[in-house]
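Just below sit the structures, each encoded as structure tokens.
You will see chain A twice below: alongside chain B first, and alongside chain C after that.
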Partner chain A sequence: MKRFNKYAIYEVMAPLVGFAASMALLMLIVVIVGENPGNAVDAIWKMTFATSTRTATVLSTSVPLFLAGLAVAFAFRANIFNIGVEGQYFIGGLVGAMAGIYVPLPAFLHIPFVVIAAMIGGALWAAIPAALKVSRGIHEVITTIMFNNIALALVNYLVNGPMSGLGATGSLEPQTRHILPTALFGNIDWMFRAVGWNVPDSVYLDYSLPVAVLVGLLVWFILFRLRIGFDVRAVGTSTDVSLYAGIKVAKVQLGAFLFSGALAGLVGLQEIFAVRGYYTFQIASGLGFDGIAIALIGRNSPVGVAFAALLFAFLRQAGYGLQFFTKVPNSVISVITGLMILIIVVSNELVSRYIKALRKKEAM
Partner chain B sequence: MHWGTLFDYICKGLDTSAPLAFAALGGVFSEKSGVVNIALEGGMLFSAFSIVWGSIIFHSLWLGLLFAVVIGMAFAAIHAVVTITYKVNQIISGVALNILAEGIARFLSQNIFGQETQSAMNPYSFPSYRGMNVFSLVVIPVAILSWFVLNKTVFGLRLRSVGENPEAADTLGINVTLMRYSGVLISGAMCGLSAAVLYPSRWVSGMTGGRGFIALAAMIFGRWSPIGAVLASLLFGYADAARISFASSIQIPSQFVQMFPYVLAVVVLAGVVGRSRAPAADGIPYEKGED
Partner chain C sequence: MPTNAAAAAPSAVGGGASGSILLRMEGITKAFPGVVANDKISLDLREGEILALVGENGAGKSTLMKILYGLYRPDSGEILIRDRKTRIAGPRDAITQGIGMVHQHFMLIPPFTVLENIMLGSESSRLGVLSYAKPKAAAARLIELNNLHIDLNTSVERLPVGLQQQVEILKILYRGAEILIFDEPTAVLTPQESDELFKTFRQMRAQGKGIIFISHKLDEVLDIADRITVIRRGRVIRTLDRAEATKPLIAELMVGKPVILNVDNPRRSAGETVLEVDKLGFVNAEGVETLRDVSFRVRAGEIYGIAGVEGNGQSELIRAIAYRTRISGGSVRLLGSDLSGLDVRSRRELGLAHIPEDRHKFGLLLSFSLADNFILGSHYKKPFVSGLKTQVRKQIAENAKRLIAQFDVRTPSEQTPAHALSGGNQQKVIIAREMSQKPRLLLANQPTRGVDVGATEFIYKQLVEAKKNGAAVLLVSADLDEVMSLSDRIGVMFKGSIIKEFERESATKEEVGFYMMGEKAR
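Now for the complex of A and B:
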């Protein structure tokens, strides 16, 4: 155990080195573009950690990223590559919004109800690819990509057609009717104040944050404290060994795929229930693909995914800061994000080679 | 329906199929050598930017195309170094490269053309015949050549052997690393070719619209064979062209017409194709024998 700790230091080093190197590259690009690096750092600081309001924004930006990463990670744990988080959160959000628009309930029931509805919606959208995967061995990458495209067309149809709320809301942008006030995700400042932390009024965090924390804990508990989680991890490590050990691989993969879809269903809730208050097919897209990168950087563990999501949220806000206060374009952040992922994974590899070499030396 | 309309449809379908087919062929080479390349999307996007950029710099479409192919290969080379030399997870590298491609193209566009989301107009383009970029036809010889190279040459045999059983190939003296680099670099060159059909007259951010992923699907659908991949691309391309050509004359909501190619793909896969098998060592980094 002691030896493990000694090497753990090196393992934590890899992401830090990756982050530092990519920040250095960012500064290099800033200089090339002809901006003062001091200004750039200042701009990033102003938009991220200068005030508690900004920090809360980073935290709140990380919520959908965390949920998307968690959804991808859970599937990866069972050796399933769920590229379909994208479509699953569009449908999950739609089903959640339907529960929020058409089902009147008292507030204390309504929020849990829409959360569960969104999870069911996401799981349903994963169901056909999951069934095709386990029953006919059809590669989930192909089916989930197809289902992403089908989902986009479907929500586009529903929002423009049967679920259109144009007359009711007076907006020109295609959208549904407004969600009932009882289902909206309000400000959670009262929770902080209840524990004696007097946050300023300008800090805005909504219910999606506690939902994400609870879901993160739930995933951790399932993966590392329940028998089913053990099965999932066993299947992810080796399907052959799992079969040999009597684990019902098909059932485990089906369950993991559906649960991944359920988690994906939550990704859009913040934007729909806290920001917009209605549903539209124009909610932020691409989070499913961010989720893949976040899951892999976070090494498919709930804690790792949380850190990776915070990192992505920080970068996103940093990009806005650069765009707002300097002449560095926002696109720099995509360049840096891509490079950072590559540097982190390459240094992970180099570190594990180094540890291997050290172990060999010690063994001799 | 007039024969003329049908003929237009045949041409239009080839135009929408060709970028998918080039990219899918690239995917076949990469995955046959054992490297999953989900950076096809990024490669296509960056190449599409490069062909516009290169044509304007060199005042020649052919040099622009060459430039796009070189850039496509250089981009794929990053994937090769990271996944083959450093043995990093191939999916994470692909995801990172897709993010990177979008960022670099937008960054360069901002600095070269003064706009982040689109380039300047490209005055050079391949001639168009009934809505079809004539370069689309090049996909036919390229597909036949790919089939020949993979199945009838020593190089092809070696490439496939490192994707199926790298240990055995290594034992026989085949350079696994070299073969895998070749596979990935060819996929980059194919992304460059796809750019020649893809760009209309300028580069626009997000113009690939997930075509790299559809190409990946076509490759799997075509069971990792060059001819199969091209036929699957034609299926997707023609379904897409049907949407464009006939959407106005069909009495159902356009969104359902839009879904059609994807629903078709799932139904065909579920009903007809059955189990498809990837190359055995696809996605697995090769560790040269030690311990």
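Now for the complex of A and C:
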């Protein structure tokens, strides 16, 4: 049992070392730019953890990143490279928004309803690439990239055309009608107060956070406690071995792909239902690609993805901090993020090789 | 210190039985994280000598040869070629220093002709135009000198494996190799092809070349080698002269304890027909007919062995029985049920178990724990899942502990990932899993490939055990000795057909070998 802990410690150390190394690099760049490192640290601190408002911002920024990472990670577990999370959350958000605009329901039903609608929307958008993959062997990287573009064009058309809310909302921006108030994700301060944490009013966290937590737990349970999760992981590890063991590889991959799409469908919920209150094709893009990096750093495990998402959210806020308070440009953060991904992935790999060798030695 | 050793070397030898010392490896040590693959290994090779390197899998032979070929750099120790200390920076450097290697997997470009493959990497050209004439003449001379039988203008993809190997040999001779390394050269050859290879070995020996060859087949080692170096756990245990070497002695030195290679395998009266293959045909996606009119039966309580040179349809046959749903003609029946419409799970439920050819590719989820690997294939059934389809971890762990004890799997715990185990122990995990399903039909495809002598014996016993328990066993192996000693009946496959069946009593190695070559076909 003791040895298990030792391996676990190594595995946790790798990303920490990567993080520390990239922060050191950041400070080096800060010095080169001619800024005082003390100022930079102070700027980052002010924008991330100085007040509970800032901490809540980091937390809420991490929510869509977490969901995107989870969607990519689940597909990775079944050896599927879902680059289509991007398109799937545009469509998932659209279907969720339709459920929020056109279907009147009482509040306690409406929120779960739009969540499920968004998941179905994401899964539907994944369905064609998934079917093409398992039936005809067409690689999902190609199809999902193309489906991302199709999704964008489709929502652009719908928001400007049949679903346009121009006139109804009084806004000149292309957008849909307003989502019914029953479907909006409100403030969840009451949840924190219920557990005795009196958060200040300025902190704003919405229902997408508990949704993300629940979904994270669900994914963990599926992967590591259910028989179907065993199938998914087996197929992801080796389709050949799985085939020989009588696992229906095509069916498992189809299911995993659809579920990945369903998870992707949730990515846009926060922005649509808590921030904007309507749907537009101008919702934040690129989260699907962040999701790939997050899944990579989080090693496709729900816990790892959660930490990686928090890390990305932290970096994003840190970038704003540098921008506001120092003369270090925000884009430095993109460079540092890239370097950090590289360092963490490499150190993860080195550590897993080292553990592999240790285990081999132990078994000999 | 090293310089002293280098200076002392010439006077220490010189008057050997054969020629002068070609190669000397001194105190070679190479550690990988957690494992010492080579521990102060020393060996030498003379001109005109064949040195056999034997040892169990993972003993460190391949690592040592990779060091010699420049693929790995040793942590310590030195290499002397003709008494001159040298460093080998990489394969290219090894070649210029006169070292050539024939790998287990050939490094040839299939659509290129033999000549083009030989020229590859050392093309001569004038003003950018390739010149063929000179290399052709040189290659033709080498072919004549070394008992090779290849046409330089044929494309390599059309050649059988034995001849492709000759191309590899020609390739390194063309580059002027003095020291030739062969990594299990006979693993893919028929007995007749092996004989040809050994003729070539003798020719090269007569020209004063030094040959190092790695082999698991003790018969051929005794047949061809001048000296035999036994390696165990990264160390040289002993180097034997041919005169003092015997099969039991080598086997004992390899594993550290005497092993019985003969398995008690009584002939049983066979029972009902379990597997019935009738006029089975298969045309692959490229339109090549890989199986043609294959018909045979395997009955309960017998081992049916398929002999044949690899690539004559054995793998296709196993696939048709194990999982393939599309066949081009005929039928495969397991206990009376036609398999063509059934998926793998249904076949397994009928009583099919399978020890696949490549355990890493098809048999084990290497990153999964042993416990998880043990339930693979029955993981969807009770007692491993509850009514709610959640996994029952306690049952999974207990099952693993039971199988580990019963099949003597050497592992720190049942939670250890499969990749940590040695090849033999990994194979035991697969066999334990498949045997624990109480199979009616056991497919064993190359069950002892790449496992050591100790594990081989264990696997033989398990196959015989399966048969005693009334299972029908279909054994496919490239090792003719294995097929001959285990099977009750033997079918010889050649070009996608079973061209001859033998009863165990009436089969001789030579005759089976002839059929394997297709000499007596039709």
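Simple rule for what comes next: the second predicted complex is superposed on the first by the 350 of 364 C-alpha atoms of A that agree within 3 Å, B and C clash if a C-alpha of one lies under 4 Å from a C-alpha of the other, contacts with A are read in each partner's own complex, and residues count from 1 in each chain.
Here is the rule we go by: a contact is a pair of C-beta atoms (placed from the backbone, for glycine too) under 8 Å apart; a residue touches a chain by one contact, two chains touch by 3 or more.
Every value quoted in this text rests on a predicted model; they were computed, and no experiment measured them.
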item: Partner chain in contact with A:His139 - chain B first, chain C second, else both or neither; value: first
item: First (chain B), second (chain C), both or neither touched by A:Ala234; value: second
item: Partner chain(s) touched by A:Ala309 [first = chain B, second = chain C, both, neither]; value: neither
item: Touching partner for A:Ile128 - first (chain B), second (chain C), both, neither; value: first
item: First (chain B), second (chain C), both or neither touched by A:Ile292; value: first
item: Touch count on chain A, higher of chain B and chain C; value: B
item: Chain B versus chain C as contact partner of A:Ile80, first or second or both or neither; value: neither
item: Overlapping contact positions on chain A, where the chain C interface meets the chain B interface; value: none
item: Residue numbers on chain C that touch chain A, as the complex places them; value: 32-35, 322-323, 343-345, 347-348, 354, 356, 361-368, 372, 376-377, 379-380, 384-385, 389-391, 410-412, 415-417, 419-422, 425
item: In the complex, chain B residues that touch chain A; value: 78, 82, 86-89, 91-93, 95-104, 106-107, 110-111, 116, 210, 213-214, 216-217, 220-221, 253, 255-256, 258-259, 262-263, 265-266, 269-270, 273-276, 278
item: Chain A residues within the chain B interface of the complex; value: 33, 81, 83, 128, 132, 136-139, 141-143, 145-150, 153-154, 156-157, 160-161, 289, 292-293, 296-297, 329-339, 341-342, 345-346, 348-350
item: Residue ranges of chain A in contact with chain C within the complex; value: 3-4, 225-228, 230-231, 233-234, 237-238, 240-241, 243-248, 353-354, 356-364
